[in-house]
């Protein structure tokens, strides 16, 4: 079995309401050192051995991310 | 400015309905090689220089993750 | 005329649309998301609800339902398609309409009646005097419309912006009148041709006089009139 | 039979699982041997307070449960009444207090999921939900977190299902600080002939598990949590929190209703507290049959699950169906159509025994009926709590300094309107889809919600309706549980009557502390006695309900909180009435009569910081007559608005009518009472009704015919709410106080 991690983030310039709210909330909780919070998705995928990164990229482009608003980055996970 | 990445995932044994739905959807789209999908959060944090990882962990425990059902992992981001 | 109302797993406003159509004297029937035959329908409605639980993103999974390929063809033929709330989200995911719908700015689900202004547009579903006001219920968690500046300019130029949120007197507040943070107060848009319409408010909820006013009827009446005209 | 527990270890595990030594001995006696691990888990859960009602069962027998409308009384997953023209309404209320105190969003969400499964199990389509909430005061961040989370969870789940949340109630009081209450009520509609029972019958029939996979989540969740007091250890119980999947539940609703519509099932039950153990054993004992279940057939969410874990898991969104083998294929096709898993996990037998196996090996084998029915029943000791003498001896009229001057009264009116216990609940219900299904005729914000009856999707409308309200003032119950419970009933009925509904039946959720404490049990017993007497006086039965004990934190019980969910029936839903003043010049009547009763009032708490005295008195006959009057006025079409008096008294009631109608009122009170009492007394059995001037005489006749006191107290009009020279505030001021108060409190302001 192979594993991939996928990071889905909003494209630059797209306002992220949960991130902005978390940022304000942290500051109001006294964490003044916080200057930016962005909240995206962290997807852990288990696929059959030999599944290529291209194939995973296809899944992202189609379903797991929305190319109109989101970018994604894929990382194969090395087995320990 | 310092950066941290935070990975928030459901605790072991907690059901992840979005992940289960994504899994079924991918298989029905023809990606039979998919055996498991788990969807968590990927948070990018920008904080003042010198902010410790403990401090970030505190923010996670308090606000960014829900310790009752979620685990989190923090990674400092080295500047390029 | 006869509306086809698509049921995706998790749709929950399909009955309401059928009821609204009946109240207005039209025929309406359900179309299962696995079906691929739209013969006999004059217009297709993608109703509100939570298709596939809104998991991953609203509308992301539903857009791959077998019926959607037919809906795309139906729309490409110039036949009328409307997406209400979750239906709008599905149309955006399917790229039948530009842009995307993000989480409401306040991070809360909003169910309430709001006011929208009818813009001058090419929309076949909105045969109403530009500038007139409609009271319509909204009911969503992800209605925060967004698109890039070029798309917005193009939509403006083409008359694709159909409805804008406004204050109850028709004015637009300085910081925006959208309850959900939508770009430029956009509540509903159509494609260039005007046959595909997506909107966050629920016109079908305000059609039956037994439960309130009837501001939503114009949507159904407009398309019926249009179809009667073109035959 | 796998013998995996030694006679030495078994009693120790039994204690850890919450069984008392005598209860363990009874298990051994039933089995005639040492129980296996699986058996011990199953008995301990089924005999927990939550599942067995062992402390409450006897007291609950006081409730009247029969009446002309009743099709199904207590005993099934929900009660059912007839609402006319062949339509039946199933409804029930249930608590999810303890899970919500740990994780408010998921706790509240799965609470909604659970009660809705109880409804469609009966064969009814869920058509509406209500929620009754109690928290500590909002100046505490933890309370804000709990409240916001619970509301978001209720909305998150119900909205996704497409079941409108049409009403509810919420109170904030220190008494609930360590133990919030989340009670959810749901109603479902069906044709009378579709009434289904959660019964297994017919040896040879198959047992089909439908829906989600089974995991270790919520092992011993609701049942153990709800049967223990809260203390520091609560934190350790975290992993038993479950995440709800409303999408799966939506599919379950559709699939199960289709299975019933196609008549493919013999019985249907939902998996709630104590999971498979509870639903299977209850279905078996109702049918007088045995069951044989193989846990290796159950689709598992996790690896290496033990048989007992399968049997007691509280994984959400699962249903258990019994069907004849010939229908299996068709039934599974329906499930598959809705994208649901369905798996045959066992068979019905004629042995009367509940057998659990792991493949070939039997891991549990016991008489099925003993799980559901042989739990010990206790007669808990009762003692009248000592605090009652103290609080009831307090005289609120002489015990505090009351204000006299008019400016202060203005301020108190506005402060009451801004109190979190009185202010607008818009912040809450705006997060709930309260309109989907297009049956909500009166939206939240008034007295009762009004729903029309019929099937819009099929164009089968009846013209009939129901009015629904949930109510309970915990302070009154704390000061006098007998009277407090009666007032909960009376207020719920009054809300329903003000909307035009004839009280038909109730459900209840009885939230109390530890029943093993004699003082707590006394309050429980008194509340049931009060509720029963009120039900009898009105001829309104209890058709379903739920008991939640052990609502304590660090040793002190919450206010006794017997929440009442009332359903009223309307023959003509178009005749409903709302709280809003309608026309300038309309005559304002007060039905009933104000007494100086400020014990336990919101005014006493807000202006003087005191929760003491006696609650307002309740005369059930007067209450009935006042409600009969308002109903007759609504039926006759002469009531333009109706709104009852509750927290905050007449001043708040009138202000709410003004705001709802965007019209002022000019009021003259001639009750001979000091101003604070005229305005803020919480005397029961009072309703503010308006009529057109030409109908005033007819309302007087109705009041006289019902022999109730009444007075004309003013006229509708203008943009001010004025009471003689005592109160004078503008509509704008009222709104500024009332409308944003919850949001302000949540912002920590």
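Details
For clarity, chains are labelled A, B, C and D in written order, and residue numbers in each chain start from 1.
Simple rule for what comes next: a contact is a pair of C-beta atoms (placed from the backbone, for glycine too) under 8 Å apart; a residue touches a chain by one contact, two chains touch by 3 or more.
Small disclaimer: the values here were computed from a predicted structure and weren't measured.
Set against one another, B-D and B-C show the most C-beta pairs in contact at B-D.
Note on chain placement: the centre of chain B and the centre of chain D lie 36 Å apart, centres being C-alpha means. For the pair chain B and chain C, the distance between mean C-alpha positions equals 34 Å.
The geometric centre of chain A is 29 Å away from that of chain C, both derived from CA atoms. Each chain gets one centre point, the mean of its Cα atoms, and the points for chain A and chain B are 8 Å apart. Chain contacts: chain D has residues 245, 247-248, 339 touching two or more partner chains. Residue positions of chain B touching 2 or more other chains: 17, 21-22, 25, 29, 39. Multi-chain contact residues of chain C, defined as those touching 2 or more other chains: 52-53, 55-56, 60-61, 64.
Chain pairs that touch, as defined above: A-B, A-C, B-C, B-D, C-D. Taken together, the chain D residues at the contact with chain C in this complex read 152, 155-156, 159-162, 245-248, 250-251, 338-339, 429-441, 452, 456-457, 459, 461, 574. The residues of chain B lying in touch with chain D in their complex are 10-11, 13-17, 20-21, 24, 66, 68-69. Within the complex formed with chain B, the chain A residues making contact are 1, 7-9, 19, 22, 25-26, 29, 31-48, 51, 55, 59, 62-64. On the chain D side of its complex with chain B, the touching residues are 102-103, 106, 212-213, 215-217, 238-239, 241-245, 247-248, 301-302, 315-316, 339.
Within the complex formed with chain B, the residues of chain C that make contact are 52-53, 55-56, 60-61, 64.
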